[in-house]
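The following blocks contain the structures, represented as structure tokens.
The same chain A turns up in both complexes below, where it pairs with chain B and then with chain C.
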Partner chain A sequence: MPEAPVLLVEDDPADVRLIQRAFGKLPDMIKVIRLTNGDEAVSYLAGDAPYENRGTHPMPRVVLLDIKLPRRSGFEVLEWLRRQTTAIKRLPVVMLTSSRHSVDINRAYDLGANSYLTKPDTASQLEDLALRFQEYWLSLNELPDLHTGPTAKAPR
Partner chain B sequence: MGRIATASSHTPVNLRADEVFRRLIDSVREYAILVVDPDGQIASWNFGAERLYGYKSEEVIGKPFNILYTEADLKAHKPAHELEIAARTGHFENEGWRVRKGGSRFSANVITTRLTDDAGNLIGFGEVTRDLTEHRQSELRYRLLVEGVMDYAIFSMDPTGHITSWNVGAERIKGYAADEIIGRHFSAFYTPEDRAKGLPEHVLETAKSRGHFEGEGWRVRKDGSRFWASVVVTALRDDEGGLYGFSKVTRDMTDRKRLLDELQRHAEELELRIAEREESNAELEAFAYSVSHDLRAPLRAVTGFTEALAEDYAGSFDKRGREYLNDITSAAARMSLLVQDLLEYGRVSRVSIPLETVSVLKAVEDAAKEVSKEARERLTLTIAPDLVVVAHGRVLTQIISNLLSNAFKFQAKDVVPDVRVFAASLDSVVRISIADNGIGIAPEHQERIWNIFERLHDRDAYAGTGIGLAIVKRAVTRLRGTYGVDSEVGKGSTFWLELPRAQQAETRNYA
Partner chain C sequence: MTEGNLRPILLVEDDSSDANLLCRAFEKAHVLNRVIHLPSGDEALGYLAGVKEYADRTLYPLPALILLDLKLPGLTGMQLLQWKRAHENVRRIPVVVLTGDKDPQTVAAAYDLGANSYLVKRAKSSEILTMVKAIDQYWVKLNEDPLLVTGADAGG
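Up next, the complex of A and B:
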């Protein structure tokens, strides 16, 4: 079974390209699935049409989530995810946003974000961020089991 | 009210003249009239005496009349002395203390008269006592006072609300002369609406049941004009508790009412303005948020792709091409700085800054961490560790940081920077100074430098957005401090700020 991808939810095409460029420069290839709005992200994670086939739309290892998204904001996606009763609610979420507002930072953590990163100003800083992201979240960090389940019976 | 048995004399016509006289004496309330026999024992006692001295006649008849005297008078043998004079001269008048039943005393005017029979033999003494104590006198004084009061309408009413007395204040405030209004019902002063609501009756009922009524409201003058009245109505009751009328004190509060209404209007207007301001603050907040989010995104793209071009397509650019790429990058960097500074300026102007006790040394040290390592080696701090000010830690750090950054920036090319930060307590304030050995500021520019976007030098010479000192100005003002600069061209500048000194006792948290 191939390594699960990283799900990138980001609407700004320039940011997407720069992020993909930075990931492309990493020593190890990382598969990145890109979605452009909050509704798509929820559909994808829920396995709703058109994403019901997990063979072609595999469950991600980590979500890179922007806050300001069309339709459903990153906060709403996060809130939805943590509200789920199946194991997917454990999915690690790393916020990747341009907001340095403490209001946003606190809200993200309150809603259950695992990490909060701000988009750097330069391409080289972004490459650095991609490298550290890979090292920490995809290598050092132990990832949860998203299939077997429920601590769903655990108290909400 | 007669106190003598009149069972045998139902028909006044048949009364003998001395009997009528006796009745008169007996029924006089305001004077104590008593008869003392030649031995000094009380022989008769009228109703006024009962009221004044508090004894019933059966309690005192046959008792020595000196029980009505004070201890001191007794020691001075005054009772006997007075009778003696009266016996000799026929008459003795005196003012002094008399003692009531129970021992309380009152100031009295006493006239003692010798009583003789037709043969001229002494048969006793008549004593007429008038109470001179405060409340009796004050009643008179009170009436005079009330009548003369101009600023208050003071009048009395009978139990049904018909006016029985009227002072000059009432005439002045309400416009009626006494002879026009006495006898009329006091509801004349009320507006038709209040009359329809039964307010006059309510006022009397309240005064009757609670003792008094207090209120404010519009009242009507004789000429129909209205005034705002503050009213106190008091029920008047006699000793037995029977209601015999009301007193009413009315004050014309129209001016004060207008003032209060005006104040109220101002307060409301102010609240409205605050609400508007809060609204515009919220808009600013949203604007700043959008700036930080939306404006930075394209900047990031410009910077990022320029870098990507320079890196990924390095071979495709000649020297000039690479210079252009550099120009794009530095322009984007400058714009990024501008956005950042503008946001900071907006934040300092907008955000509520709670004041707390802040250690000056800590704030300066935090700011020093933000300058480069080389600069830090050229920086001297001379600040007592226990120096504390009323400020906000992060904001104060921001101020110092901006001033430090300027101190190191505006240096001549060939000079080794020497920047000193020192602080001193002056009375109720602490002055924090940041002194440099930089290029200095000409006197004619020392005002302008605090304005936003104000720059004295072109960008090639000294980089910057022209917002740094504007942030300092705003921030110091928000901290309720003062700021300034002392500078001489070529010698350097000393920027200073003064903040309220905090209580030393609160320093423990920061020690």
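Up next, the complex of A and C:
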């Protein structure tokens, strides 16, 4: 089975180009699926039409989520995800946004974001970010099993 | 550089040889943040709550990051996560679980209680160094810290 992709939810085409180029330069090939608005992100994660087929629309390992998005905002997507009763509620979410406002940062953590990154100013900084992101979330971090039952047993 | 980057890293670990290996790795990686080692969950709760000597936030500032073992004498790592989540001034401080337990149920339970990330302890010192460097690069240097509500700030 191929490695699960990273889901990038970002509406700005220029940012998408830069982010995809940065990920493209990584030593390991990372599949990035890109969606442009919050409604699409929720449909994708829920497996609603047109994303019912998990063969062609696999569950991601990690979500990179912008805040300012058309339709549903990144906050609303995050809120929806953490409210789910299946194991997908544990899917790690890394905010990737241009907002450095502490109100936004705190709100993201309150809604259950795992991490909050701001979009860097230069392409080389973005390449560095992509590398750190990959090293940390796709290699070092122990991801939750999204097929485990919804209720986790508290350890003895 | 944000203010949070200079705050200490709290290492909650009861095994002294594990703690020593980690502290040495932090030194070797030239991490600028002070690493404060606490050997139990109760001690960590005291620190975060500012009890007794820990009330002195000049000496014992709220941490930038908490590295948390799960199996601890007294209050467990899971219980500390639960407590932390209910306390406004500390609940947004990122927590990276660092434990020997890789069981998917335990991983799921930690994420459910608000752990930001979950790492499995490494045995080889070279792997520990790589892990510590990645923690520093990601959480201290790249991730945006929440704005903490500290006693001093709240009091004006």
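In this text, the second predicted complex is superposed on the first by the 151 of 156 C-alpha atoms of A that agree within 3 Å, B and C clash if a C-alpha of one lies under 4 Å from a C-alpha of the other, contacts with A are read in each partner's own complex, and residues count from 1 in each chain.
One rule holds in what follows: a residue touches a chain if its C-beta (ideal position, glycine included) is under 8 Å from a C-beta of that chain, and two chains touch if they have at least 3 such contacts.
These figures come from a predicted structure and were not determined experimentally.
Model built by superposing both complexes on chain A: chain B and chain C fit together without a clash. By the touch criterion defined above, A:Arg21 lies against chain B but remains apart from chain C after alignment on the C-alpha atoms of chain A.
Between chain B and chain C, the partner in contact with more residues of chain A is C. Of the two partner chains placed by the overlay, only chain B lies in contact with A:Thr122; chain C stays clear of it.
When the two complexes are overlaid on their common chain A, residue A:Asp110 makes contact with chain C while staying clear of chain B. Of the two partner chains placed by superposition, only chain C is touched by A:Ser102; chain B is not. Touch criterion met: A:Asp12 reaches chain B, while chain C stays clear of it.
For the three-chain arrangement built by superposition, the Cα-centre angle with chain A at its corner and chain B and chain C at its ends equals 60°, in steps of 10. When the two structures are aligned on their common chain, the gap between the nearest CA atoms of chain B and chain C comes to 5 Å. Residue overlap on chain A between its contacts with chain B in one complex and with chain C in the other: 100. Against chain A, the residues of chain C that register as touching in their complex are 70, 76, 78, 91-92, 94, 101-109, 111-112, 114, 116-120, 131, 134, 137-139, 142-147. By the touch criterion given at the top, residues 12, 14-15, 17-18, 21, 68, 98-101, 119-124, 126 of chain A touch chain B in their complex. Interface of chain A with chain C (complex): residues 87, 89-90, 92, 100, 102, 105-106, 109-110, 112, 114-118, 129, 132-133, 135-136, 140-145, 148, 152-155.
Chain B meets chain A in the complex at residues 289, 292-293, 296-301, 303-305, 307-308, 311, 333, 336.
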